[in-house]
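First subunit A sits with subunit B, and in the next complex the same chain sits with subunit C.
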Partner chain A sequence: MLAIELVAQGLIQGSIYALVALGLTLVYGLLRILHVAHAALFTLGGYVGVLVCNASGSLALGFLIAALVAGFGGVAMFRLAYQPLLSKPPYVALIASIGLFIASEEAFRIIFGAQGMSFTNPALQQQLVLGWGLQFKLAEILVMVSTASIIGVLAWLQARTRIGIACQATVSDPQMAQSFGISLLKVRDINFFVGSALAGFAGVWVALLNNLVEPTMGSVPSYKALAIIVLGGLGSVPGTLAAALLLGVIEAFGTIYLGDILDRNAIAFAFLIAVLMVRPQGLFARS
Partner chain B sequence: MNYEISLITTMAIAVMFALSLNLITGFCGQISLGHATFQGIGAYAAAMLGKAGWPFLATLPVSMVLAGLLGVIVGLASLRVRADFLAITTMGVGFLFVGIVRQQESLGGELGVSSIPDHGLGRVGFMALALLMCAGIAALSVYIKRSWMGRVFNGIAEDEDTMRVLGIDVPRYKLAAFAMGTSLAGLSGAFYTYHLTFIGAESFGFVESITVLSMVVFGGIGSVPGVIIAAALLSVLPAWFQVIGDYKLLVYGGLLFVMMRFSPGGMAGLAARFFPTTPLVKGGKP
Partner chain C sequence: MKFRTARFSLMTVAAAVALSTSPAWAQLKMGFNVPLTGFAAADGKSALDGAKLAVEQANAKGGVAGQKIELVVYDDQAVAKEAVPSATKMVDRDKVVVAVSGSYSGSTRAAASIFQNAKIPYVVAYAIHPDITLAGDYMFRVSSMGEVQGRGGAKLVQNLGKKRTVLITVKNDFGQALAAGFRDAAPKLGINIVNEYEYAMPDRQFGALVSKVKSDNPEVIYASGYFFNAGPLVSQLRAAGITVPIIGQEGYDSDKFIEIAGPASEGTLITTSLDRDSTEPATRAFLADYRKATNAGADMVAASSYTAVSVAIEGLRKTGGKGGAALRDAIAAGSYDTPIGKLVFNDLNEVKKDIQVQIVKDKAFRRHSVISDPVLLAPPTKAK
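Here is the complex of A and B:
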């Protein structure tokens, strides 16, 4: 029974990782930039969600506004920070992104205080008892359900709509896409908006699960999401999803069985390095 | 006087550390986000040996060899992965190091290693030795930069594929850069241990890796004088201005971002832009 519970906990954590890592993969696929500052939008989403929910009493409104604010924040980040750096060598954008992330973490600390914030009235905390002695918080179940449905909808949009197909075309060959009349800038804006909105959304879920938002809540997801997109084979969306869920489960088991040797965060990277030794192109990439 | 001596020693250790990363990132163009790990290896090696009764000077070569050995292993891994992966792999090594050391009771665990014996050189002697090491590493850097090896490094940083086509054994040179850079980081770690007489895993975490990277970037990637000045300045600024001490990360992060956004060449790039020394420099007046 422990095994089933660990798998379930892993999938819950993995859903959060998937939401965060998806935006990173989109950005990497499009611009070949490792977007470390992505996690700042995750934290931003968490704060906005808590603030809005506490002020209005509506969790749904909190989710909506958090996703919107994070989404527009992402577009602003792209326009102000990355757009001018696209012609420079890739490390320039990477270092700029790390700088932006560290500075924004500190900005959150200075603006909202170091000790973090909580929901005055946390929703969805009811315990659901399933068979075999398993029980989950309602929020934990909804994380998985909402992640699965959002990703399903996005996959459908990408395969079936003009904008989705334009995005795919831009990823595979930007110049060709442009000569077919696709506006690269628009596609990049949309990608940053969607990816960042997902991160903001994930931020509210984490806030709800822990009933806490703090300035540093983004750092661990940020670095782990990088490990995840490498495992997934940089730029591959299905690979990223699989890697996110797999890492969630491996961490859940690892914390129990390897906890004496490695702490939780090290497990993710031990796994990453072990995988890269065997498959340098990532777990799910076509070689 | 003691305060100034301690401050200069801190500066010297930071300069050593930054110059060691400059060999890898600056000369050879390989971004490392886990350089503090190698300083950590050197620091822990010196601490454990020092507590076991070894004299300070004898711990230095061991620290260098151990850090360099791990560096070569990480370097070997880096040869297999794409450039973008290297940044993440080295970051992973950093988290792994902190994660492992924190769980090892024999290495002090969460509490770290304290009461490290005296180095027996006196405050001034220790400072002088640290400064001497800095000068040595700086001279070595300049020498490498001008040598055949430095030109190859530069070529790899600029365009790896072309260097392969030219018949250069790229992996071997990358490995050489890693070995030198990481062993020198180990050396700075040994000095760090004996300077502070206390170390913990957290002192060699991700933030420190970013701090040293920001020193290199701020000074100008690849520029020896630029990196020396940047490391010296950035290491003592927090001590001089309490405001900066409190908002250290905001300042570092902001600096990194602003530098990259407006002058990716760092201070050295700015200097070259405003004071073109030769008429041959593009944009300079004849």
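Here is the complex of A and C:
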């Protein structure tokens, strides 16, 4: 019974990781930039979700606006910070990204206060008793359901629509894609928008699960998501998904059974090192 | 390196602001290290508000020996590497006569030896690590040490008539000191610790841990942490259907805890030093003045910082503004009527006081009981 609960808790956590890491892997696939500031958009989404929901009373509106604001925030980061640096070596963009991330944490603190914010009437807190002693918050179940459906829709769009195929083409060979008339800038904008919107969406979920958003809430996801995309084989979308869920479950068991020797937040990296020793290309990369 | 320079420049800006806003005629400088940025910034704000209130009140009454007191504020981010340069600057550049810690154990421990070597009395508000007062005779602490609070927690479990306890501990000086005290007292009080868990400071999601605690089937949970951990933790424990009493400590002591955990916070017990339902005039006056000054309810951090600054000012009054050994002896000899109780220092400059147990009732901390056990709650004394 405990094992089932731990798997379920792992999948809940893994869903959040998946939403955050997906944007990161899209950016890496496209531009070879380690986009640390991605986690700032996750935090931004959390704040916007709480603010909108508290003001309007509608959680759905909170999710929608949070995803939009984070999405446009991501596009702005790309246009203002990364695009001018694309001709420079990748570490220059990485430095810019870390700077952006630290600056955003402090900006959140200055604008919204150090105390963090909470929902005045947190939604989806109902208890679902599933029998055999299993009991979850409605929000916990919906995190998994919504993550699975959103990612399903995105996968379909990427495989079936013109713009989705253009994205794939740009990832595999930007110059060739461009010569076929694909606008690189447009594809990159869309990628940043979608990836960042997912992070913002995840931010609202975490805000709901903890009933707390704080300036520093992105600090753990910022580095853990990097470990996840490396595990997933840098730039591979299905690999990232699998790695995120797997890490969620490993952490759930690790917290309980390895807690004495290994910090929960170190498990991701211990696992990463173990995997890279056996498969340097990541768990799910093709070659 | 990137981190350091960014944070460091922020710190200097904060310090510069603090220096520039203080009045030109201020003469008696009191150093104050407090986390204004970083993970502990929320507590830092309460601490600074409490400290400012004490200084304003003293200055409104004419200051000390005709001199106004100036609070020299440094942001230490509650980390040791920021506390050392701050303390050094207070000593060498600002030439403070006395210093107060409104910060956590990590940074306070690091600053302690610097003040001790400079023979500047350092009054610690709410950092609970034992090493702080062991740094020397210029160190004072107005709150109960972690171990003492942990023993108080065990006593509360006994008072509730419970035995099977699960310990959930935040992995830092604060949590580990509490757990050590609890473990130490548990066998004497017939308490059985069924299981122990630790979590890291940044953790907010406790799903796995909660599942395991549920399978341990305890009668009571003794969980340390700060309101930003404890709010989500208590809410997640309740969401999983765990209904047994949860005992927290000073770290929970903020209205923010109740806001985060919402209805799940009802019935949570905490051992702390501020009694909201106190009838003591010093406590009542502080609660009212703090609300007037900040438009917010006071918490333990604010009350302790107010107390630490007041103790330092009281000492300065006795020496007529002189520092050094005279001030050390004056502070050590005094007895103080403060919002967190009547305080007298022992030979290790620790205070002996009752532990206030508060319970969350109708979205507010109210009095539950007072733990008064002079033997169990005795602070450590100087090693003989």
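Definition applied: the second predicted complex is superposed on the first by the 287 of 287 C-alpha atoms of A that agree within 3 Å, B and C clash if a C-alpha of one lies under 4 Å from a C-alpha of the other, contacts with A are read in each partner's own complex, and residues count from 1 in each chain.
The rule is short, and it goes like this: a residue touches a chain if its C-beta (ideal position, glycine included) is under 8 Å from a C-beta of that chain, and two chains touch if they have at least 3 such contacts.
All of these numbers come straight from a predicted model, not from anything done at the bench.
Participant: Touch test for A:137: subunit B only (first), subunit C only (second), both, or neither?
Facilitator: second
Participant: Touching A:106 in the superposition: subunit B (first), subunit C (second), both, neither?
Facilitator: both
Participant: Output check: A:263 vs subunit B and subunit C. Expected answer is one of first, second, both, neither. What do you get?
Facilitator: It touches subunit B and subunit C both.
Participant: So, does A:127 touch the first partner subunit B, the second partner subunit C, both, or neither?
Facilitator: second
Participant: So in the superposed three-chain picture, is A:75 touching just subunit B, just subunit C, both, or none of them (first/second/both/neither)?
Facilitator: neither
Participant: On the A-aligned overlay, A:51 touches which partner chain: subunit B = first, subunit C = second, or both, or neither?
Facilitator: Neither partner.
Participant: Taking the superposition as given, does A:148 touch the first partner, subunit B, the second, subunit C, both, or neither?
Facilitator: After superposition on chain A, A:148 lies in contact with neither partner.
Participant: Where does A:92 make contact in the superposed view: on subunit B (first), on subunit C (second), on both, or on neither?
Facilitator: After superposition on chain A, A:92 lies in contact with subunit B alone.
Participant: Does any part of subunit A touch subunit B in one structure and subunit C in the other, and if so which residues?
Facilitator: Overlap of subunit B and subunit C footprints on subunit A: residues 95, 98-99, 102-103, 106, 219, 260, 263, 265.
Participant: In their complex, what parts of subunit A are in touch with subunit B?
Facilitator: Residues of subunit A touching subunit B: 32, 34, 81, 84-85, 88-96, 98-107, 110, 219, 223, 226-227, 230, 234, 260-263, 265-270, 272-273, 276-277, 280.
Participant: Give every residue of subunit B touching subunit A within the complex, in rising order.
Facilitator: 29, 31, 33, 77, 80-85, 87-89, 91-93, 95-96, 98-100, 102-103, 206-207, 210, 213-214, 217, 247, 249-250, 252-261, 264
Participant: Across the complex, what residues on subunit C touch subunit A?
Facilitator: Touching subunit A from subunit C are residues 2-3, 6, 10, 36-39, 41-42, 44-45, 171, 197-200, 202-205, 207-212, 214-215, 228, 231-232, 235, 239-241, 256, 259-262.
Participant: Inside the complex, what are the residues of subunit A that reach subunit C?
Facilitator: 1-2, 5-6, 8-10, 12-13, 95, 98-99, 102-103, 106, 109, 114-116, 118, 122, 125, 127, 129, 133, 135-137, 140, 206, 209-212, 214-217, 219-220, 251-253, 255-256, 259-260, 263-265
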